[in-house]
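Look for chain A in each of the two complexes below; its partner is chain B in the first and chain C in the second.
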Partner chain A sequence: MANPVLKPVAGILVLGALFALPRFVDSPYALHMMILLFMSISQGQSWNILGGYAGQHSVGHAAYFGVGAYTTMMLMHAQQVAPWLGAWAGVGMVAVVALAIGSICFRLRGPYFVLASIAVAEILRLSAINLTGLTNGAEGILATDLPPFKIGATVITDFSTKVPFYHAGLALALATITITYGVQHSKLGYFLQAIREDQDAAHSLGIPISRYKNIALVLSAALTSLAGSFYGVYVGFVDPPTVLGLDVSVQIMLICIIGGMGTLWGPVLGSLVLVPLSEALRSNLITEALVKAGVVNADSRTGLFLKENLSHAHVLLYGVLVVLVILFMPDGLMGFFRKLASRRQREAV
Partner chain B sequence: MAVFMQSFLSGILIGGVYALIGIGLTLIFGVMRIINFGHGDILMVGMYLTYVLFTWLHIDPFVSVLITFPLMFLFGGFLQKVFINRVLHAVAQNQILLTIGLGLVMSNTAMLIFTSDYKILTTSYSSSTLQVGGGVTVSTPLLISFAITAAVTAALYWFLLKTDTGQAIRATAQDREAAQLMGINVKRMSILAFGLGSALAGTAGALISPTYYIFPQVGGGFTLKAFVITVLGGMGSVVGATLGGILIGITESLSAVYISSGWKDVVVFVLFLLVLLFRPSGLMGKSRT
Partner chain C sequence: MAILEIHKISKFFGGLAANSDVSFSVEQGAIMGLIGPNGAGKTTLFNCITGYYPPSRGDILFDGQRMNGLEPDKVCMLGMVRTWQKVRPLPKLSVVDNVMVGALARTSSLKTARALAMEQLKVVRLEHRAGFLAGGLPIGERKKLEVARALATQPKLLLLDEVMGGLNPAESEEIIQLILDIKARGLTQMVIEHDMKAIMRISDRIVVLTSGEKLMEGPPQEVVSNPEVISAYLGESHA
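Showing the complex of A and B:
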């Protein structure tokens, strides 16, 4: 299966196709879906470094996503700082926040770590609501005027279409996958996995536990922050619940749970499942499909009810998926496929 | 001084309900070592149950506790038997995720049935107050709910301390394997504990429904509050959760008056982090390994 020549060639072909895609597809909706997919991959992959490889299951990643998004948007709104510069200020802010969080949360283990990570994210969300002078409170920050992106004097893009966002998103997703690959195949990755498997054993072997946990946290947080900045700029609006809420943390984690934690392709698989499904629910495609299939009548009470409410309840699907995945494939899709593959191998022998 | 007494008193009254929520969570944790992240959503189910009973059958929310408690007990037992039981020996993060998932299913099903509109349950006494003296007044529904909370808590203490089943639950919490060796059916105790925890959360939901907005996402805030209360009191300690609930009620109420109502939850979370850092075993907890 793993042909040494075929694999890189196929990879390059897929990459080329992905970069060239906007030339052939001009439906803004299709591009929008791809952008959401890239963002989801970046979020999941960032969480994966800390949660999947180091085994520190943070349920507070909204803190980094939100601080990144807010920093970039505040700089753009108040100081007219271009977002591709502001995003790095966001990374700096998030690194400081992450180290502060790490110094509190990493003293705790297991459920206590989870609870502390939630508490910190909640403190940040409530602060964003209350510090109205800085963050505009619950109303959020609206900033849609992007300066044109120039290299030298040549204008590369003026952001009038979704295409530049598509390329930026793709680059971000590829960067997070590459970084995760790098982590997985380095000393850092082995140390992290040793900490995940048995912290005390890792400690007794001389691995500086808290230094490596903090490295994983800062790396994971910085990448999450970039995803947050990208989200803020793409949507043009941030407010406390959409970037700092507990839902955000849960959704980031879900991408990995469904795909498979601690695997390179888990977050990609998870995003491929989650993004289309939740968009289908949000945009009422499922109701339309049910109507078309003749299962429900569009004008009947059920039809109208579904049309009215199903799109609001798209998170219901997340809930059902989590329950099913935990009960029936606790190692995610990647674990499920691996099990299938090894069973097939055994049968072949 | 009157302002202080006023907020101190209402803090204690709200704290009673918090204690009920916290006791439920701590009971579940004690017996199964599972942190129920769907606890607030179970409370939300209790609120909607009360709302339905009130609007359709015109049953007073405080009387409806008599119906809510057993129904929520069955609901909790069902959740335990069908879902939680399967992950009792799974890794901790899967247990946490399962309860998060169940919570999401509950809150979004509520949204599908009742939409995300805020519902208000208006009783004849919803906004009435009672003079206590010295210029201090208390809200009547809060006072009634505190009285019911106290009665429920007393009954629970009696059940846990004096009855055989209660002692079996406590034995299971203390040492699951030893309890099993003594012939206690620990699986049944787990169902009982989850049922009781859910019944307490549902009761708390019924009790606060005359004074709170009812909406599908209301649970999240209460889940977090329940964690703060149980960690403060010591995970697994019923007495600790009772004290923790009242302490959090007072803290919230005082910081709403002396700092601002927007920051009161921040104060609670900061307190939580401080407890986690400096006394992770809580006020009443013994350190466990």
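Showing the complex of A and C:
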């Protein structure tokens, strides 16, 4: 991409193609996969600002995802507040939670923030289960009746298909990528990276450490909250394990670890790996493929075992994946590709 | 006129006095050398002055303002910046980005910061390394990077903690020239150094610390001929 014109042109073409895709693809399943991909990218980019750029590894982003999702869904269910308005209430709630955590934990050094982030997410999950009057407890909140989205008197969409969700997801993913780009190319990005690389050195260079960590946390949490609201409204249902569970936090981190932390495109690459993988595991695609290829007999003991268990094995496989990435690609896929590129360059010279 | 006044600074770690009742002042535009055997409390004093530890007792006045208990970032914004004995580059950032972090203390524009950073890299003769990752530099260049990054914050007082430690004679000579260049531009400096020849050449005055206390203070010639200083460094029998 040496040509300076080529890059923006290619970017606009890809964007146009993504925007127009629902016109050519009818399959709701394909659109569903794309929507999940957009949501994953948004989650990853949000975590990346705090974990990748500022180096503060939150293992509790489910807290922000879940509070955003719950706030929007509760407002929609109980007060008929349109989700595109309720989502901002979610952002407000999440900002308060994030500031409370940050102002306490960022004074301390070492693993305290990581530990506190897990603890807060678990407290919120347990609260959601037990505060049945507010959250409907373990049964969750079902709210599928979306009001039509209007600008003035014109109805833009009534959400009868997946297409409006596709465009909303695409917009959210693009927004998070744009915001990350903006962070990277600003004083904020430089300060966050300096804090990640060496906190004492950063402090001596005039950077108010706690303030900048809190800025990163609130920004990251607010964007995660939007992704949570989007998820809740898209699925039409939230309950404690699916939006506040520890595995939600882990999945959000994994997007960045696999793709490459602290890089603009890492979360996109990570999502391109994780979303298809988790879908293949969940829907037993792998077992079916093995059966089709004749590797295992569907009715044999192995076949039945795989069919029964492989769909629950995603956590195990994530574990294996993390070990492999840390061993062989410590900087994620982005780091791996960069290394390849620089090697090729050296060989060319 | 004194830009920095240290009044009876003491720092205790539990029962151990790392500094006790240290007083001196640094004149505007001068180079103050700070010497003493290992464990004399030189770096602790730097840490107190730059806000990493609050002093247990005593006052620090910088430019007429009381600095006790200010956080390091505030200290830097007021015009005092330090380098680190054990260098602290931001390893995954490029050399110029490292210096830009310093420059961004005074500006929000990346363009201005980049220009300022390149200027400082020229001062320390590191501009040919601008695009390299800071983590990959050899020690001599990392020391220069520390100085460039500190200068980029546009300080009034620069505190250098053993910038020549671990360098070969040619590299040390470069740093000595650099320190003298910085002085010629009117910047006040306080320098911790073990190399006696170097500290003699650059310092206008020298403070000697032993076991946390100020042993003496004076011009370089006076300090090296003082029998107490010689015995602190070499033992009683040489005095």
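We take it that the second predicted complex is superposed on the first by the 349 of 349 C-alpha atoms of A that agree within 3 Å, B and C clash if a C-alpha of one lies under 4 Å from a C-alpha of the other, contacts with A are read in each partner's own complex, and residues count from 1 in each chain.
Quick note on the criterion: a residue touches a chain if its C-beta (ideal position, glycine included) is under 8 Å from a C-beta of that chain, and two chains touch if they have at least 3 such contacts.
Fair warning: this is a prediction, and the values are worked out from it, not measured in the lab.
When both complexes are superposed on chain A, chain B and chain C sit side by side without a clash.
When the shared chain is aligned, chain B comes close enough to touch A:L126, but chain C does not.
Once chain A of one complex is fitted onto chain A of the other, the partner contacts of A:I257 are limited to chain B, with no touch recorded for chain C. Applying the stated contact rule after C-alpha superposition, one finds that A:L316 touches chain B and leaves chain C untouched.
Once the two complexes are laid over each other on the shared chain, residue contacts for A:L108 go to chain B alone; chain C is not touched. In the superposition on chain A, A:P330 makes contact with chain B only, not with chain C.
In the superposition on chain A, contact of A:Y190 is made with chain C only, not with chain B. By the touch criterion defined above, A:V9 lies against neither chain B nor chain C after alignment on the C-alpha atoms of chain A.
In the superposed model, A:D200 lies in contact with chain C only, and not with chain B. If you count the residues of chain A touched by chain B and by chain C, you find the higher number for B.
After the two structures are overlaid on chain A, the closest C-alpha atoms of chain B and chain C sit 12 Å apart.
In the superposition on the C-alpha atoms of chain A, no part of chain A is touched by chain B in one complex and by chain C in the other. Every residue of chain B that touches chain A in the complex is listed here, in rising order: 35, 83, 86-87, 90-94, 96-98, 100-109, 111-112, 115-116, 220, 224, 227-228, 231, 260, 262-263, 265-266, 269-270, 272-273, 276-277, 280.
Of all residues in chain A, only 185-187, 190-191, 193-194, 197-198, 200-209, 262 touch chain C in the complex they form. Residues 50, 52, 71-74, 76-77, 81-82, 84, 88-93, 97, 100-102, 104-105, 108, 110, 113, 149-150, 153 of chain C are the ones touching chain A in the complex. If you check the complex, the residues on chain A that touch chain B are 57, 59, 104, 107-108, 110-112, 114-116, 118-120, 122-123, 126-127, 129-130, 246, 250, 253, 257, 309-310, 312-313, 315-316, 318-323, 326-327, 330.
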